[in-house]
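Reading through the structure tokens given below for one structure.
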Amino acid sequence: MTNDVLLQFSDITMQFGGVTALSEVTIDIHRGEILGLIGPNGAGKTTCFNVMTGVYKPTKGTVRFDGQDIVPLKRYEITLAGIARTFQNIRLFGNMTALENVMVGADARKASSVGGALLRTPRQRAEDKESRDRAMELLTFMGIADRAGDAARNLPYGYQRRLEIARALGTEPKLLCLDEPAAGFNPAEKQELNELILKIREQGYTVLLIEHDMSVVMNVSDRVAVLDFGRKIAEGLPADVRANPDVIAAYLGVPDAS
Amino acid sequence: MNPVVRSLRQVGASLAGAKAGLASRWNAMGPTQRLSAYVLGVLALYLAPWWTEIPLLGSIVDTPGTQFTTVLSDRVIIFVLVALGLNVVVGLAGLLDLGYVGFYAVGAYTTAILTSSHASLPWLLALPVSIAVSMVFGVILGAPTLRLRGDYLAIVTLGFGEIIRLSAKNAEWLGGSRGINDIKHPPSIGPLKFGVVDPKPYYWLGLTMVFAVMFLLHRLENSRVGRAWVAIREDEDAAELMGVDTFRFKLWAFAIGAAVGGLAGVQYAGKVGFINPDNFPLLLSILFLAAVVLGGSGNMHGAILGGILVSYLPERLRNFQDKRVFVFGVALVLVMVFRPEGLLPKKVGTRKAVAAPGEGGAQ
Amino acid sequence: MRDWLLYRTFWDLTITGLALGSIYSLVALGYTLVYGVLRLINFAHSEIFMVGTFGALMASQEFLGIPMLEDGGYPYRTGFMLLVFLVFILLCAMVFSGLGAVALERVAYKSLRGNGDLFGAVVLAFLTGFVVSMVFVDDTLANVIVAAILTAPITMGYMSLFRRGKQSPRLAFLISAIGASTAIAEAMAIWGPEKREQYQTPRILEKDVLFSFLGADVRVDNVIVIVGALLMMVALTLFVNKSRLGRGVRAVAQDAETARILGVNVDMIILVTFALGGVMAGGAAMLFTLVYEQSRFNIGFILGVKSFTAAVLGGIGNLKGALLGGLVLGLVENYASAVFGGQWKDVVAFVVLLVVLMFRPTGLLGESLGRARV
Amino acid sequence: GDDTSSDTTAAAGGDVTCDGLKIAFFGALTGDAGNLGQNIKKGVDLAVAEFNEANPGCQVGIEAYDSQGDPAQAPALADKAVADASVVGIVGPAFSGESKAVNGKFDEAGLPIVTPSATNPDLANQGWKIFHRALAGDDKQGPGIVQKITADGKAKVGVIDDNSEYGKGLADIVQAGLGAAAVEMNSLDPEGSDYSAIVTAAKDAGVDGIFFGGYYAAAGKLAKQLKDGGVDAQLYFADGVLDVGFIEAAGPAAEGSIIMCPCAPKDSNADFLAAFKAKFNEDPATYAAEAYDAATAFLDAIAAGKQDRASILEFLKTYDKAGVTKQIKWDEKGEVAGNAIYAYTIESGAIVGKPGLIG
Amino acid sequence: MLLEVRDLHVFYGRIEALKGISFGVNQGEIVTLIGANGAGKTTTMRTISGVRTVAQGSIFFEGRDITGIAPHERVKLGICQAPEGRGIFPGMTVRENLEMGTYVRGGKDSQKSADLEHVFHLFPRLKERIDQNGGTLSGGEQQMLAIGRALMSRPRLLLLDEPSMGLAPMLIAQIFQIVRSINEEGISVLLVEQNATQALRAANRAYVLETGYVVKSGSGSELLDDPAVRAAYLGG
């Protein structure tokens, strides 16, 4: 593994009125790794995501992504810079087909706009085809190509979760952020998800994973960071983190939790 | 079972059957057959001024008390154009615009100013300028307000429409409440005379505009732009986080909607030759919105159907005299209660969307 | 001269502006309540107000028989009987508006929530029969008879056609609201007591000047309107925040589905919400007729647009916002009339709205219902 | 021209023959302005009924084009009228806005019109050969009002309008005519309810007279609020306010208001009044008599054997007859010769015509 | 039997989500439903609460047919649910959310505050956040709030739809303990869980749902030992 830092989350403090959701949290994500982010409920994990993707502007601190300060960027610019995410509560475009959902993501990297569409320039046509092909490819990759033409809202829950990942991948991110992708999955389904995440990494993506299910986190993560009450209390290899008494006290409870 | 229920069910079933039958026949046609069907349909539309001459059809479609062709040229075409434009804003991008009449007014007034009150350019030159000015107004309205969500946007656009109307009414420069007359007509082309009496050339011109707008909007809808619009409509936050520059695309929706609305205004002004602020009441914005939703918001053909119904039916129902508006209100409620998605709702998730092999999944 | 008009007449304009604004506020409450609970711009609320003004006018003219056009013949200028009359008129207006609002909900909206009910079906069936028979005969009585006969079978048809358990898109509610609004106003224009003409009422309250405030005359009707509106507002706020039913209203506003699971009778709450909005509109209507002594079938439209603007200005879904928004709007209109002339007052009002929303995208006081997190 | 004396029955000849000719009414019969159109239509109905009774061989029909006063609805109706060759004359269009939208069509089709109510001065200046009106335009009415106000010795007159084409146009003329005596008080919203800002301004200015250009409903509300607000100035109005609706709306506040109108008092022609009452069981309201005169002009043409649009138009050029309201004779622009302006006032809740007026 | 479900069919439009399921909960029992995504567990819960209409079949509570009655009536009878997705009122404070639990019951203030204390005893975290808006709580905090709120109604039958979803491991263990202790207070529990191992350990009896059918049933321990169940739902 290289030590090339992709995302540098340094000294971030995030306050909401009186509530301090994050205080001076520093996390580095290395290119090509899978970093697990865990911590008790309300520790600030989703807030980290929201700061990284521009949903919230941090009260203090800087976020550097690929050498660039992304705090001042707009949300879509952050996506274009290379961060994509899924949502803790599924948020698909319900009245678009699965294919179109992913195409919206894939369109992010395209440039043709109204003029191109009106004139149907060769470039626009080429880009449109690229988006479509890429979207189809991703649906196949996620194993849901059989429902490509169905409205997203009519898909089963598991398909919807995968579609969210496919859509995020469509934006060709350098960093993929997954917020509790296994929530509501049974163990067998979680197993499949593990494999999928590993497969995504093999494709060259860096992954940041929030998950409460230890069978997922510990099996796929290269490193794990632990938040508690808005502070980072541990960081390291999965096995080390798992044995860390602070983590056990704050989060895992009994050492064997599977 | 109650006979009414049964007959309603039967009607429903036979309609569905007819629809399925038509669809299957359509699918069975070859490309040349389809093309000729299209051509015939378009031809029939261009010949609409003579529909009233056809024995049975004539008595059904003719409007009592008003000239059928003028209804087509002055009302139906205008409403269809407007509905097409508004459908981009409301139906595709999901931005509730209650002041759309403003853009219609801007188009009409720009034409009026340029061809009558402050200059005497030909209509043909006023056309592109008016469309451009309408677009600029779309951007002027959109830029500060598109940060607002849903219903806040609705009331602001409503205010905007009123501001435009009242400004026209209060500005002597725009003719005040007197309005502007002697607006130039489109230039006559050979035997096609754009005069004051014969409405047919205007209808043909308008119909051609409708086809052109449909063609262009269809292209937009099936492009990255159209997808961005629908994504914004479905979930704006998620769209932005998927890399859609929501502000820019909303602004485009406004500008394009405004341009089409403006075009309708140009056509109207060039036809009637006279406009005043009373032509652009707030109520008209609401009627436009009703047209789009009644027909099927988000579906171009639905919007067209809505535009036709809202403009044509009141003329067809002239017999009801002053009860027309009441009937219209009741009809709106009934349609919404029983077809909340409109008469021709947008269908999502047809198998057609899958072009690649391995399609046709479960269900 | 115009430039100093605002300065010279500032307090006059303020007092009359507050009085007008109070009426906006009360009507705005109806929009805000329904919007809060259903996320619906109840476009027909303006017609509920209109119906209320007709209720008030009918109360004084038809029920109490107060003579028109008198010059001192009316015995109850002051005192206890005047109070009784005012309360009676208020109740009539509230009953008209309240019932109107409840009927509106059941006819135009309930089935769109996937909850078609019998009353709505009956009314829709009657209207259908009425309209259909209009095609054949142009005679209201005959239409009513035909419609009455057809009502039963059509009702059964409609009951089976309702799309139960399926929430309709929000635009459908809006258009249904617009349809209902049109139909109510037009029905009043066709069959109402004065058709399309203005409906006048005799003077009930002599408009004496009560006192002078910084050079401005304060009339008794101004005081009644402002105080009355404030009282109703306080009562409503207490009800919504303190009573059990009020808590139900708030719960449904935030998450109807969960509220149902916790035992809230959602349909009843929605009905209560409409009734509350209607009653407030009735109050506004009574105060309105007290001051302006007239109404017309289309009086609701403009006042409705203004009041909805007020609700948005204050922060829609927020009761205090409705009050603030109404008062601000009333004042802005009056000041603008003085500075720019009456023809510009609506322009100024909308520009103020635009500016406020640019800096506070959810109105002066913001929405009271928290939005879910991303 | 036909020189029969001012008998109310048009063309009493009785031996006219014609076939399938129609006179059309064009204006609002329904909608917000429907009342005015209904008045006009009754005037037409009466004239035609009398004609048909007198001429069994020539039964003239009436076509009604209900525009609701809306310039957007008018063109489709006008085209229908133009296309219907049996329509040889139009009484209307009733309003100035719709007139501008459609008179060009009538002009091109050579279909003569006589409007009984559209008083906008512009209309006569459009070069329309077919245009006639049966009453004085606002360019006559405005100076008449100014004259009356000046004669009453008012020194400071607030001028208000309703921002409509009619009201604003008239108010502008009055304001210009009053010169230094005028205090501009801008517009009110006729659909609105609250005019307190204007009341405040009137009080502040200390006016002794107020002119309002607009229609009766708004005038009623305004009069009442002015009185309640303690403004005691003399109120002046124009023809749009000449309706009992004004008295109903203003109540006691209407008393003493002066309303100017280029229309004759209803009792100025006893025969017409009696005939109208007999047919409709009510008094003729504003513009019914003008409409009667307008229709009569067409009927006289028909009686004179003119049975197509061109010859009827030609006939009107030389028409000269005492109508029930005034001498009906048009100049080349279509303005009527008799252009007296009458003053009315409100006494004990009734409209009273004042004799001896400006003219 | 406290709750009995007989041959239940439920549709979403044309999709039949439940194809005739039958099961029951006895007084004092913990019964759990397990099954894959989309098996119909949530649909079952919502149908029992009355927010989905029954196409065919019936539901009995204490022997009384409640198939057709309104949801709020069922709460009065003692059925209360902590729904999937938690259903927190975002604009109400934690306290107000909890008080919504007593909506049908009304009840005296002293009683209410005793119940409130009881909930705070189970979830001390909620007490810390008592005046924070529900919408700004973290996922886990919301879950606690949802369960606490359901308890406030003093149900006879508590319906819990995936209470452990989105919870930290430590809390998951705690939640199951709480379920047991609630049950020991005499409240019967119908529990839907993906966390099948823990659920089966806690349950007296269990049913396995698959695409709208009940495919297996038995005591918790029986199913825990069933190799097919282990393979499909317990991860080997």
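Going in written order, the chains are labelled A, B, C, D and E, and every chain counts its residues from 1.
Just so it is clear, contacts are C-beta pairs under 8 Å (C-beta built on N, C-alpha and C of every residue); 3 or more make two chains touch, one makes a residue touch a chain.
Please read these numbers as outputs of a predicted model, since none were measured by experiment.
**Q** If you walk touching chains, what's the least steps from subunit B to subunit E?
**A** Steps on the shortest route: 2.
**Q** Which chain has its C-alpha centroid farthest away from the centroid of subunit C?
**A** Farthest chain from subunit C, going by C-alpha centroids: A.
**Q** Please identify which chain has its centre, taken as the mean of its CA atoms, farthest from the centre of subunit B.
**A** E
**Q** Looking only at C-beta pairs in contact, point me to the busier pair out of B-D and B-C.
**A** B-C
**Q** Which whole number of Å gives the spacing of the CA centres of subunit A and subunit B?
**A** The answer is 41 Å.
**Q** When the C-alpha atoms of subunit A and subunit D are each averaged to a single point, how far apart are the two points in Å?
**A** Roughly 75 Å separates the two chain centres.
**Q** Compute the distance, rounded to whole Å, between the mean C-alpha positions of subunit A and subunit E.
**A** Taking the average C-alpha coordinate of subunit A and of subunit E, the gap between them is 30 Å.
**Q** Report the inter-chain centroid distance for subunit C and subunit D in whole angstrom, where each centroid is the mean of the CA atoms.
**A** Distance between chain centres, rounded to whole Å: 37 Å.
**Q** Residue numbers in subunit D touching 2 or more other chains?
**A** 31, 34, 163, 187
**Q** Which parts of subunit C, given as residue numbers and ranges, touch two or more other chains?
**A** 301, 343, 346, 374
**Q** Going through subunit A residue by residue, note those that touch at least 2 other chains and give them in order.
**A** Subunit A, residues with two or more chain partners: 55, 87.
**Q** If we count contacts the way the header does, which residues on subunit C are in touch with subunit D in the complex?
**A** Within the complex, subunit C contacts subunit D at residues 1, 5, 8-9, 12-13, 16-17, 19-20, 68-69, 71, 196-198, 200, 202-203, 207, 209, 217, 219, 288, 292-294, 296, 298-299, 301-303, 333-334, 337-338, 341-343, 345-346.
**Q** Can you list the residues on subunit C that touch subunit B in the complex?
**A** Its residues touching subunit B are 35, 39, 41, 107-108, 111-112, 116, 120, 124, 127-128, 130-131, 134-135, 138, 153-154, 156-158, 160-163, 168-169, 171-176, 178-184, 186-187, 189-190, 301, 305, 308-309, 312, 316, 343-344, 346-347, 349-351, 353-354, 357-358, 361-363, 374.
**Q** Within their complex, state which residues of subunit A touch subunit E.
**A** Against subunit E, the touching part of subunit A is residues 16, 19, 38-43, 46, 88-89, 156-158, 180, 183-191, 212, 214-215, 250-254, 257.
**Q** Of all residues in subunit C, which touch subunit E in the complex?
**A** Per the touch definition, subunit C meets subunit E at residues 164-166, 244, 247-248, 250-251, 253-255, 257-265, 368-373.
**Q** Subunit B touches which residues of subunit D in the complex?
**A** 29-31, 34, 65-66, 70-72, 75-80, 82-83, 97, 100-101, 104-105, 107-109, 120, 122, 126, 163-165, 168-169, 187
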